[in-house]
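Each of the next two complexes has subunit A plus one other chain: subunit B in the first, subunit C in the second.
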Partner chain A sequence: MTATRRPDAISLLALPGALYLAVAFAMPMALLLITSVYPESRLSIDGYARFFRDPFSWTVMWNTIKAALLTTAICLLVGYPAAFAVARATAALQALLLVALVLPLSVGVVVKAFAWTILLRSDGVVNRLLMAAGLIEEPLRLLFTQPGLILGAVNVFLPFMVLPIFSVVKLIDPRLLEAAATLGSGPVDRFVRVTLPLTMPGVVAGVAFVFSMSVSMYVIPTLLVGDRYKTLSTLIARSFLFMRDRPLGSTASVVLLVIAVAVVVASAMTTRSYQRSH
Partner chain B sequence: MPIERAALVLIWTAMAGVVVTLLAPLVVAVAVSVSSSPVFNLPPPELSLRWYRRTLSLRELWPSARLSVEIALLSTGISLVLGTLCAMAVSRGRFPGKTAVVTFMVSPLMMPGLVVGVAILQALREVGLRNAYAGLLIGHVVITLPYVTRTVLASLSLFDFTLIEAARTLGCSYPRALLKVMVPVLAPAFLTSGLFAFLASMDNYPISIFLVDARNKTLPILMLQYLEESPDPTIAAISAGLILLTIVVLLAADRLVGLRRLADF
Partner chain C sequence: MDKRFRDTPVIRGLDLEVRAGEFVSLLGPSGCGKTTLLRIIAGLLAADRGRIRLDGADITRLPAHQRHVGVVFQNYALFPHLTVAENVAFGLRARGRPAGEVREAVARALAVRPKLLLLDEPLSALDRKLRDTMQIELRHLLRDLGITAIFVTHDQDEALVMSDRIAVMNTGCIEQFAEPAVIYTRPATPFVLDFVGTSTSLRGAVVGAGGDQIVVETAAGRVRAPGRFPVGSPVLVAVRPEHVRLGPARDDTENALDLKVRDPVFFGSKLILHFHAHGADRALAEVVPAAGAGLAAGDQVTVSWEVAATLLYPAP
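Right after this comes the complex of A and B.
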């Protein structure tokens, strides 16, 4: 494609939507970036210097990334095998399993996070099941703790891991595995050398979805942990809505933006280099 | 083969765990909503509809539900028009930088919602727009447009445009050919993307929180406020209502386009 070719008439149809996003989304984002380095009509990185000098900011950033990493890792560990179960199920069962994935995904996050506050209480269902199973003697403190937050977040984001992996697993040609078996490959070897590489695009997509959503989650930590466990999102909301500390909020917003965009770009690059090598 | 049996046990155990934990919060919200107890006791000591009756007396609830539905319908409608036009341009037009345009059109979904909300808030203040309704609508179109553009574009890329030529050869005018041939083929894409756009708008918290004012609060904002002020099972009754609404919408969508399309990622 040459850059000098003139756009044709039908290309103009893209203008209303693209202009809308340019004005209502791209310009505000640019303004946010500019005000973070240009606060009082002069160039200054004081906001960033103040942010990165404060050990509290590092705690908040580490909290944010730790929660997102744990959530993504657990979603992957549970979601990867589950995606195979959906793919192997008979048609009727598969329809039911897809309902079980799509319905919770469609229900609002405030509803789900609220329900988890009930499930995680010391006399809640989770504690009673663990005690009935004889795994614990005393009720665990889950609500307002990090494990409770991770449990809730994993639950909310699991469909975003299972569905992309399922969509690549269902495309795997079973004859490939049969061929590998005929050629003398054992089950572990077949998994590592045939199945795993073929499912990587789904894994990359799922990991990128879950990580970018959990690094910026706000409702779940607000309801399940409260103020004790600060993340970048809760810090941003607090600094704009309660503390009226606009410089701190802008700086934290840009830091969160950089983390989230880095993940998206990394996953896009992984997918591209992967497609090129296959 | 012991390893293969172990693998089967593993995948079905994982699936059972996923299904149980995904459905648990929905079941719990409904169970608490029909309980007579004001604390969240499970199982409910006695069945009662008192929390549903109490929703009727919450003065702020119904205007806020109405606001949420209005904003969701309007932003979905606007996004369907803008997104479809954009998808047609990308799939049929000739212009440089198509990939960049597509990436740009879906990029709001990849950004942290809270950051987008902050950015829009600052921009609206800069231009002096203080109307919460207009602000909410502007913000919600930003997050619903990517869903529509992405899904309609995927559907258009599978559409055989020679069918339009065929219809014209058979005597259809160009607009009529589009309406009779292309719109029915795209209908499932309109429906699924419209559905997810609507639900995304209804559920949005991180952008709305910066754009609401004291008199215009969307439902998620109001619900979180209730939860922080006075958590009682009324919120479970509202949740149960929203779950029921979601089930009805999904059932209708399943009838019209089939469930498999909804699960397409």
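Right after this comes the complex of A and C.
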């Protein structure tokens, strides 16, 4: 266990990937940032002032955050128990469940979102089933509403919550829960003091994945809600593609980036303090 | 008690009674059901049939967290997200003290003052020196606390050193439950004889019977043993190696055999002589190194031992 200052030769293996990201991701991001504060060859925060003064921007931001939070919360509620089921399943069933989780990822988001438009139409499968069951009289308005958007988003992002939690649960020694039981710890106490702290790294990874993807989703809101429910992503696309308002687009992009990074960092920090207090 | 996994019986009609304050070892090869029995006592597994009583109370249907039975797991099952002190204090929400992993696991289990402590091979991962030290340390600790303990092990030396009584298990049954000295000197079955310690063991048929003694014809020669079997019965005769010495019988209270040395194995304070034996038979003698000096593979020697030290079993 000797600490050396010399860079490990193996870390050089990350070089091609790092170079690619620098050119394909970091440089465009930097240019975007520059565009947002340097619109007409002079330094200015007018773009931000304009953005934050407009109440419409706040509506859009709130829409974006609300949809992402709801999607993340539902994915967590549904995905956490599912991850346990997959992790504790027998080998054959586990393989099957993992395929069931990963295979849908190979179907493009456009296809999935379009499929949901068919399901959610007023004469779609969902409404017909609900009416046939006698639960509703009139068809519900599902398409072009927030619940419809969340439904579609959860469907697309759920695997990104289940997989990281699954990989953590699989590593937890079942003996730990038995040990807790023999020490007088009941089922609820075991969950709070053993299971939850040990699965936290998976939860954080899942939340970070799902939140950052759902806060910036574009295809799903475009197809499932359209213009009725504007999010930062749809606003960015409109400003660049239709309005040709590059300062607005780049400002909104930076705001979106800051929101995503803030939530991901905050959730990681909350976990760390949670783990310390338990 | 009975327990099956699918169609395989792992515990078969087992009965065990441990006295308060006693240190009992469950000794047996892997797969004999000793860990399963431990898990059933702890409440981590349910038996198919049978009852468990602790301090007079029936705890058969009680969940693990209400049993007051502490467990030290084979891999210790220490909580990786907690410190030593927090691990020890887990069942208490109080302060603990630092220790090595075994000590930490034992301290954690003892901190809640269990009525019964179960230990599942807690020393098997340690190297020999440390294991020897911990055996004595654990034995003293548990005696001093007067705690009732059941200790699972496949290591016969560990069981002999640590226990008040040993239950030797085989295929879900207890073969013998007795003090360590009785287990070693008077093994109840050929399995116990074979599993605990080493021995010369020879198969043969009874060719003469009279009084309390029989004569057995083995491939290595005639052996007399104390016991009663009708002439013609297939039997197994055995003797512990420390009873066997080099040289002819001194009088007619001793057995003597002519054997050919296969391999003298040096153990420092002693020399174990392995002899050529027929089929599944085994023949060995433990002598002081000086007595065996100069012996080499192929040498022909005469060994002898007291008839009274001969163990006798029906052929397995």
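In this section, the second predicted complex is superposed on the first by the 236 of 278 C-alpha atoms of A that agree within 3 Å, B and C clash if a C-alpha of one lies under 4 Å from a C-alpha of the other, contacts with A are read in each partner's own complex, and residues count from 1 in each chain.
Throughout what follows, a residue touches a chain if its C-beta (ideal position, glycine included) is under 8 Å from a C-beta of that chain, and two chains touch if they have at least 3 such contacts.
In this text the structure is predicted, and so the values were computed from the model without any measurement.
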Is A:101 touching the first partner subunit B, the second partner subunit C, both, or neither of them? first
Contacts of A:121 with subunit B and subunit C, given as first, second, both or neither: first
Is A:21 in contact with subunit B, with subunit C, with both, or with neither (first, second, both, neither)? first
Looking at the overlay, what does A:181 touch: subunit B (first), subunit C (second), both, or neither? second
Could you say whether A:65 touches subunit B, subunit C, both of them, or neither, answering first, second, both or neither? neither
Comparing subunit B and subunit C in the superposed model, the one touching more of subunit A is B
Contacts from subunit C onto subunit A in the complex sit at residues 42-44, 63-71, 73, 75, 77-81, 90-91, 108-109, 111-112, 114, 118
Taking the complex as given, what residues does subunit B use to touch subunit A? 1, 3-4, 7, 10-15, 17-19, 21-26, 28-29, 32, 40, 42, 82-83, 85-86, 88-90, 92-96, 101, 104-105, 107-108, 110-116, 118-123, 126, 138-139, 141-142, 145, 149, 196, 199, 202-203, 205-206, 209-210, 220, 223-224, 227, 231, 235-236, 239, 242-243, 246-247, 249-250, 259-260, 262-265
Would you mind writing out the residues of subunit A in touch with subunit C in their complex? 173, 175-176, 178-186, 190, 193-194, 197-198, 275, 278
Which residues of subunit A touch subunit B in the complex? 1-3, 5, 7-8, 10-18, 20-21, 24-29, 31-32, 35, 78-82, 84-86, 88, 95, 97-104, 106-112, 114-119, 121, 124-125, 154-155, 158-160, 162-164, 166-167, 187-188, 191, 205, 212, 215-216, 218-219, 222-223, 233, 236-237, 240-241, 249-250, 253-254, 256-257, 260-261, 264
